[in-house]
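Paired with subunit B in one complex and with subunit C in the other, subunit A is shared by the two complexes that follow.
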Partner chain A sequence: MSYAADVAALARKDLKVELRTRDTLPAMLLFVLATLVVFHFALPTNAADDAAYGLLWVAIVFTALVGLTRAWVPEHEHGVLDGLVLAPCDRSAIWLGKTLATLAFVAAAQVVALPAFALFFAPLGAPAIAGVLLADVGICAVGSLLAAMAAATRSREVLLPLLLLPLAIPLVVGGVGSAVSSEPSRYLLFLGLYDAVFAVLSWASFEYVVTE
Partner chain B sequence: MAPEDADQGISQRIFYIHVPIALTAYFCFGLGAWKALRLLWLGEERYDLESYVAIHQGTIFGALTLLTGSIWAKASWSVWWTWSSRQLVLFLVLFLFYCAYFMLRFSIEEGPRRARSSAVYALFGVVLIPISFLAIRLASDFVHPVVFNLDGPQMSGTMFVTFCVSWAAVTSLAYVLYRIELLGKRIDVGLRELREALQ
Partner chain C sequence: MIRARGLEKRYGRRRVLRGISFELPAGGFLVVSGANGSGKTTLLRILAGLVAPTRGTVDIEAGRGRIGLLAHEPLVYRELSALENLDLYGRLYRVSERRERIGMLLERFGLWEARNERVAAYSRGMAQRLALCRTLLHDPDLLVLDEPFSALDEAGVALVDRELAELAGLRTVVASTHEPDRLAALATAELALT
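The block that comes next holds the complex of A and B.
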């Protein structure tokens, strides 16, 4: 099989597992909606829209974390990862398949979260939505590698946020900048740069994380 | 003897310790990432300990940078912390990142998997430094004193000599500490292997 076919098969497997078990996506949806409601009460009534955009990014990062914490659980519970590592395909395809599947979950959660945010708080322009999409790519690319790393440790659920949050700070800067700045293009460019650098790094280093 | 700064007075002198410590911390993080790359590339186990010790030293120097930076901020701007000082914010991000490195390292069983996961995370750290720097630049306004710019260092000859001497001193201190810790850790490993062999 070619590399693209391997990746597609792996991503399809994750989507199928999710369709049957419904473990991740409903949790993410409920989490992001609950977070937005909490934010309504956390913000003072006369707070500016800019503060709400900041909180939206907190919600986006934490919702992605909810999805990523679950990302490798099926593989570890049933020993699937050993089988995948032994399969005659490039190991980076495993990472790419997982990244695409996680990206699909995160995007699906945002299809609900962004309109809800616009309804509850402040309108979202095209640059803000482009910023969200670019940041999703970065967070899923880095997150699925770190989640694989954390899944092999003793304290996996606790460890993943600690590993990911310092790496997500530049994404939050880019995302908030694209929503509040009068010239969002430099922030979008920055997010694109982040995605490119960290996607290549994660793609190249995944093999070392999963092999014994 | 370096002259007193006309603008900041005596408090500027912390520059001679703060900046060399910060540069040494970067150097240690870079060394840790270089050893991590060698580990992944060549697969030699000894690089794991070398990478870990370098990052350990880097984190200690990073914490000292935060501490001295905070004292300088108190003396210059009369606040212990300011988000407008980009270098300090960058060090805070890096400090959090490398603390997570230790959490990761200590929650995996000792062995090749731990060595490789730590190495990959160390490589992420060295890439995060310029990316975070760019992010913080995009995020904030600028009030931190700019001592080095594209026209070269903005200080007088004796100040520059003093700075270079203390930089050399701090780098040598970091190197000595690195060698001592590495030696101690290697003795630990050797002792453990000996004990296991005797049992």
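The block that comes next holds the complex of A and C.
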């Protein structure tokens, strides 16, 4: 019970900080919209819808990167992470709180991005939307862990994409597959498995990332 | 009780600490002094459990959650108010009756009136006072204080002097300072880093 309360308090704190600074979400919204507009003009008019779904996933992954790059900045700029790490609470609660807050930002960006995609390119079916939601969980779970590692370095903007993009490839495969395949359930199952495996790995390894 | 044996810390090829050994009984007050770059902060971070020594061992009786760390940074969110920061820490550090304790500390450190202001609007001295509130919030057994007087005005220095005098003997304290004379009256042990 106290674990859930810790996670909720940490996630609520991130939402409050974002509400006051507006550092992350507006940047994500502008980025995803600008990217879709650029893709709209870059894609030939006779291109297949399948190509557009691929571009949607490029936009989704890079928009999540924008949010993840900033995710741990408040903790590292002011040394707050030291204070959190010394607390007697389970350290994985810090990761889970951050993951949930980041997931909220990514989901908020997609509330704008998905209708914009449908407007510019092609309609999105229920399997495609389910694929996006499942992939969001995976991106945020792995991304929050890797962002914590990258934030401790001086070159976090470079390091995070280098770490995250290879691990995001299965999510892109599953996400595009769920949108274009005649058997989307296979891809959705794959995304669910990815989420479960990587969420558990991230949850278990966070302690070692934030301590020497 | 703290027992350090042959502590050494290296960052790459650079050796920051070498051969540090000491024992501090419970209730002891260790003053760590030394020039900039002598490794005071590194030693304190090792004692707080934030950094692992490259060599040597350190045994500390106070477990995680029973250590109060005052660092160079106040370790608080600038976009949250003092009250919001302390409430978050109070929850994570399992402080019982935390609202009463937070109110008492904010009163004692002269921040009650500014409790709802964002920390970003605080002066450095106010932020340091808030950092002291955060450090003492969970009534830690071991206080690790890195330059506790930094950024404080005369009133703030007097406040910290009074707090440390009250805590001396009741809590184990390790404090680093450029001015060891200021803490000489409270010190039960001294460690000069070179």
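Couple of notes before you dig in:
What we mean here is this: the second predicted complex is superposed on the first by the 211 of 212 C-alpha atoms of A that agree within 3 Å, B and C clash if a C-alpha of one lies under 4 Å from a C-alpha of the other, contacts with A are read in each partner's own complex, and residues count from 1 in each chain.
Everything that follows uses one rule, which is that a contact is a pair of C-beta atoms (placed from the backbone, for glycine too) under 8 Å apart; a residue touches a chain by one contact, two chains touch by 3 or more.
Note that the structure is predicted; figures quoted are calculated from it, not measured.
Contacts of A:212 after superposition on the shared chain: both subunit B and subunit C are touched. When the two structures are aligned on the shared chain, A:115 is found in touch with neither subunit B nor subunit C.
By the touch criterion defined above, A:17 reaches subunit C but does not reach subunit B. With both complexes superposed, B is the one of subunit B and subunit C in contact with more subunit A residues. Using the contact criterion defined above for the overlaid structures, shared-chain residue A:149 touches subunit B, although it does not reach subunit C.
In the superposed model, A:201 makes contact with subunit B only, not with subunit C. In the superposition on chain A, contact of A:74 is made with subunit C only, not with subunit B. In the superposed pair of complexes, A:83 makes contact with subunit C only, with no contact to subunit B.
Once chain A of one complex is fitted onto chain A of the other, the partner contacts of A:190 are limited to subunit B, with no touch recorded for subunit C. By the touch criterion defined above, A:26 lies against neither subunit B nor subunit C after alignment on the C-alpha atoms of chain A.
Shared contact residues of subunit A with subunit B and subunit C: 211-212. Contacts from subunit A toward subunit C in the complex involve residues 2, 5-6, 9-10, 13, 16-17, 20-21, 74, 78-80, 82-89, 211-212. Taken in their complex, subunit A has these residues touching subunit B: 142, 145-146, 149-150, 152-155, 159, 162-163, 165-167, 169-170, 173-174, 177, 186-187, 190, 193-194, 197-198, 201, 205, 208-209, 211-212.
Taken in their complex, subunit B has these residues touching subunit A: 40, 93-94, 96-97, 99-100, 103-104, 107-108, 112-113, 116-117, 119-121, 123-124, 127-128, 131-132, 134-136, 138-139. Residue ranges on subunit C touching subunit A, taken from their complex, read 48-52, 63-67, 69, 71-80, 84, 88-89, 91-94, 118, 134.
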